[in-house]
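In structure tokens below, several structures.
Note that chain A is present in both complexes that follow, paired respectively with chain B and with chain C.
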Partner chain A sequence: MSQSSVDLPPKGGFSFDLCKRNDMLTQKGLKAPGFLKTGTTIVGLIFQDGVILGADTRATEGPIVADKNCEKIHYMAPNIYCCGAGTAADTEAVTDMVSSQLRLHRYQTGRDSRVITALTLLKKHLFSYQGHVSAALVLGGVDISGPHLHTIYPHGSTDTLPFATMGSGSLAAMSVFEAKYKEGLTRDEGIKLVAEAICSGIFNDLGSGSNVDICVITKGHKEYLRNYMEPNPRTYVSSKGYSFTKKTEVLLTKITPLSERVEVVEVAGEAMEE
Partner chain B sequence: MTFTIPIDNGDALKNAEADSQRTLYPYVTGTSIVAIKYKDGVLMASDMGGSYGSTLRYKNIERMQAIGKHSLLGASGEISDFQEILRYLDELVLNDNMWDDGNSLGPKEVHNYLTRVMYNRRNKFNPLWNTLVLGGVKNGESYLGMVSMIGVSFEDNHVATGFGNHLARPILRDEWRADLSFEEGVKLLEKCMRVLLYRDRSAINKLQIAKITEEGVTVSQPYSLKTFWEFSAFHNPTAGAQGSW
Partner chain C sequence: MSIFEYNGSAVVAMVGKNCFAIASDRRLGVQLQTIATDFQRISKIHDHLFIGLSGLATDVQTLNQRLVFRHNLYKLREERDMKPDTFASLVSAILYEKRFGPYLCQPVIAGLGEDNKPFICTMDSIGAKELAKDFVVSGTASESLYGACEAMYKPDMEAEELFETISQALLSSVDRDCLSGWGGHVYVVTPNEVKERILKGRMD
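Our next item is the complex of A and B:
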């Protein structure tokens, strides 16, 4: 799938047409624009009826929190969702693109999308960009062949796992999973474990924070629990918000209209010029 | 990691000699140490591996040693620097004993001494490449502290070095309590060491747990943890995804 606008027959393999031009530009002193990275904790696990995905909601731009409540769980298909870590633009664009490809494919085949279809489309795209599309994804869904959970790395490699974590908070979340995961979890146990893993990332990793988003996918049914948990609420010193020290007092209830000093006359036909 | 100082390049031979005297990178390294305070004192766990780069060269290294009557020192990082530190501490304890004044060095004093040694070496651009964990009990008071190779030192209720920072700290922050019994403390440490065993490539399944109480220091015999690999998803991971792994 080449995105080149030049009308040449596809040669196959990689297209390095722009490398020379990029080199020339950097030599001339062009600084590549910075990008918004989602220092992140994203997790997924398989429970007895399907897949649960979880994510934090902090988007960082270096040391600054750019978005306190962004959405990292992206829609791919009615039965497939994808969490994204890495460069926010890359994860958004790549999941949007594959989501539309899946929809066209559904129209053509007349069947529900399969998770491995999404997996193959994503890994083909990411590999062809040799890791420059910085998107690390946790892809989960339930299709005709059962529940599936995969991780996809920016260079295009994939893993199929019973539980997975990605992002800067992945070690903190993985320590919770390795200590507490077992097979055959019920829905509530699964949600509790995912929330615990994301909270571990939120509180122990500086790149993750704010709230917990959860998405539960089972056969024929999905639940997107946006802001399932808000362990970092905005707090105020006083419960009423701002409190005035002195009660506002009413001094006078008589209204004196100001006398008009200028008479305004409407003249028809001399409207202001636009 | 190289430390370079702008030196007048007149005498190349002298500089080469000076360079060979400074620690530039670690060679044989130990991985994480995890330690917690519990009801009766301090518990510390470490595995017995010494890695030579990416080779697991030594599998019988004791990275925890008793210091004097009241303290236990655990180290991760370069093993030869750990042995050097033990020599310094030996001298320190010897001099302390020679005073024969009924007083003995407690964990706070040993921790302070180590902090000074590590920080001074760092200032000379010749660090001892270790992160040290110092635990002990004296006069009924438990003490647990940490010194890094650049001299950062602090004390806390639970500490972890190396990979333990990322994998064990979240568990300890969640589950540590001040009134843990010995069995609960050991269980908590084993939980952390198991996660490290799964996820740290330089960890081995041969660990020791050390206990320091008012009575003294005991280091357990080496033993190994049970691991679980029987997830059904591991048996046939690509059942639903032919061609991937």
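Our next item is the complex of A and C:
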């Protein structure tokens, strides 16, 4: 009985059946693996026409950089985006899940999503897992009631702020915001300030690095500036490339020719008739 | 000792011009003792999609069986093979489902998508996808593999040059890792053929 429930596609939610075995392995002295974290500097600010979100692009696995150009600004709705810090799988899964729920809600109500809807869905989920789903988020968007910016902590508490930073580089970025933020910034001033705050995180925090991503959301319009700034290009590219002195020795080669991929084209008028 | 170091493994995938290569080592060990020298870490999902799994060997085999099963179900329903990015989302969902008691493996997925555009990605043990345009690595030799691939990789390599590059990167990295090695297993996939090669490496 229990075996069949493993094979069928599950109904959703978490499954805990490997917990006992993993506990046993940990007790025998084998340490549990580390997860991909997004060390991160994520920021958001409200300017005169809407919201600007910014993030760095480094993903770390312990002290190693696993991804030099990952995307930390996740889509939630056409007018709402969310930056995520913490365990990468948790931020991706939680933002994907709430994004689907928001879309279903839009179909049901026939209205654009509100930022506060996304906020409530996220905080309910995170609180119910008591902080074990380790996602720290900066949620921003513009809806019918104006621009909104919120921060959400892994345990489920939220703040509503005019400017916010999260992640390991949050102190570096917040120092830039506290010094230079003022109300009623124009779009260019806002982008410049966000880029400066993220760069401060990139250069001073070891968990953040690589490039700056920016997302500008205004009423009815959004601009996702992927890799807006690339302050860390690779400087040591050799034009000759790497040359190998000795070729690899091959013991066995097996070649499997593949058939041409057949494309099935539906020709109109050839549908089966009764 | 970490759970990932119990069996030892090294998997790497690289992107070339309308082709990709995926390679793994062949050792299966129990901590410092070698049990087998022909362990299959890479499995074929369909002609243009391969998945390599590093980490605890029992979870590698279980996950392989589950994924092949799910793909077979998909083929029966959709009457076509799964695209590589869809498959990556499927693997990510299966791994995240076990967020609080995870499968102790890290997959490397490589495939040819539409228009024969190569696709590679890797994930941590709970399904955080990491798409890359050049190369992805996983396993106990991952730190050496990162270094070797960064130095040796060039964009837009043809199949033969790609094979040479990935083999050299794999063998030089596993030579610096006690827990992986004992030869290499490389698959180079172009739109027309799959070349599977077994490499001669240091047997220590």
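Note that the second predicted complex is superposed on the first by the 202 of 274 C-alpha atoms of A that agree within 3 Å, B and C clash if a C-alpha of one lies under 4 Å from a C-alpha of the other, contacts with A are read in each partner's own complex, and residues count from 1 in each chain.
What we mean here is this: contacts are C-beta pairs under 8 Å (C-beta built on N, C-alpha and C of every residue); 3 or more make two chains touch, one makes a residue touch a chain.
No experiment lies behind these values; they were computed from the predicted model shown.
> Now for A:G146: first (chain B), second (chain C), both, or neither, which partner does it touch?
The answer is first: A:G146 touches chain B but not chain C.
> For A:D159 in the superposed arrangement: first (chain B), second (chain C), both or neither?
In the superposition, A:D159 contacts chain B only.
> Based on the superposed arrangement, let me know which partner A:L53 touches: chain B (first), chain C (second), both, or neither?
Neither: A:L53 stays clear of chain B and chain C.
> Using the superposition on chain A described above, determine whether A:E249 touches chain B (first), chain C (second), both, or neither.
second
> Please indicate which partner A:V43 is in contact with in the superposed arrangement: first for chain B, second for chain C, both, or neither.
Neither: A:V43 stays clear of chain B and chain C.
> Counting only touches as set out at the top, which of chain B and chain C does A:V212 meet: first, second, both, neither?
In the superposed model, A:V212 contacts neither chain B nor chain C.
> Which one hits more chain A residues, chain B or chain C?
Touching more of chain A: C.
> Contacts for A:V194 in the overlay, against chain B (first) and chain C (second): which applies, first, second, both or neither?
Touch partners of A:V194: none, neither chain B nor chain C.
> What residues on chain C touch chain A, complex-wise?
1-4, 6, 47-48, 55, 66, 69-70, 73, 92, 95-104, 123-130, 132, 142-143, 146, 151-152, 154, 164-165, 167-168, 171, 183, 191-200
> Hey, which residues of chain A end up touching chain C in the complex?
Chain A reaches chain C through residues 7, 9-10, 13-22, 25, 29-33, 35-36, 59, 61, 64, 66-67, 70, 87-90, 92-93, 132-133, 241-242, 244, 247-258, 260-261.
> What does chain A use to touch chain B in their complex?
Spelled out, the residues of chain A in touch with chain B are 46, 115-116, 119-120, 123, 145-146, 148, 150, 158-162, 171-172, 174-176, 178-179, 183, 200, 203-204.
> Which bits of chain B are touching chain A when the two form their complex?
166-171, 173-174, 191-192, 194-195, 198-199, 231-234, 237-238, 240-242, 244-245
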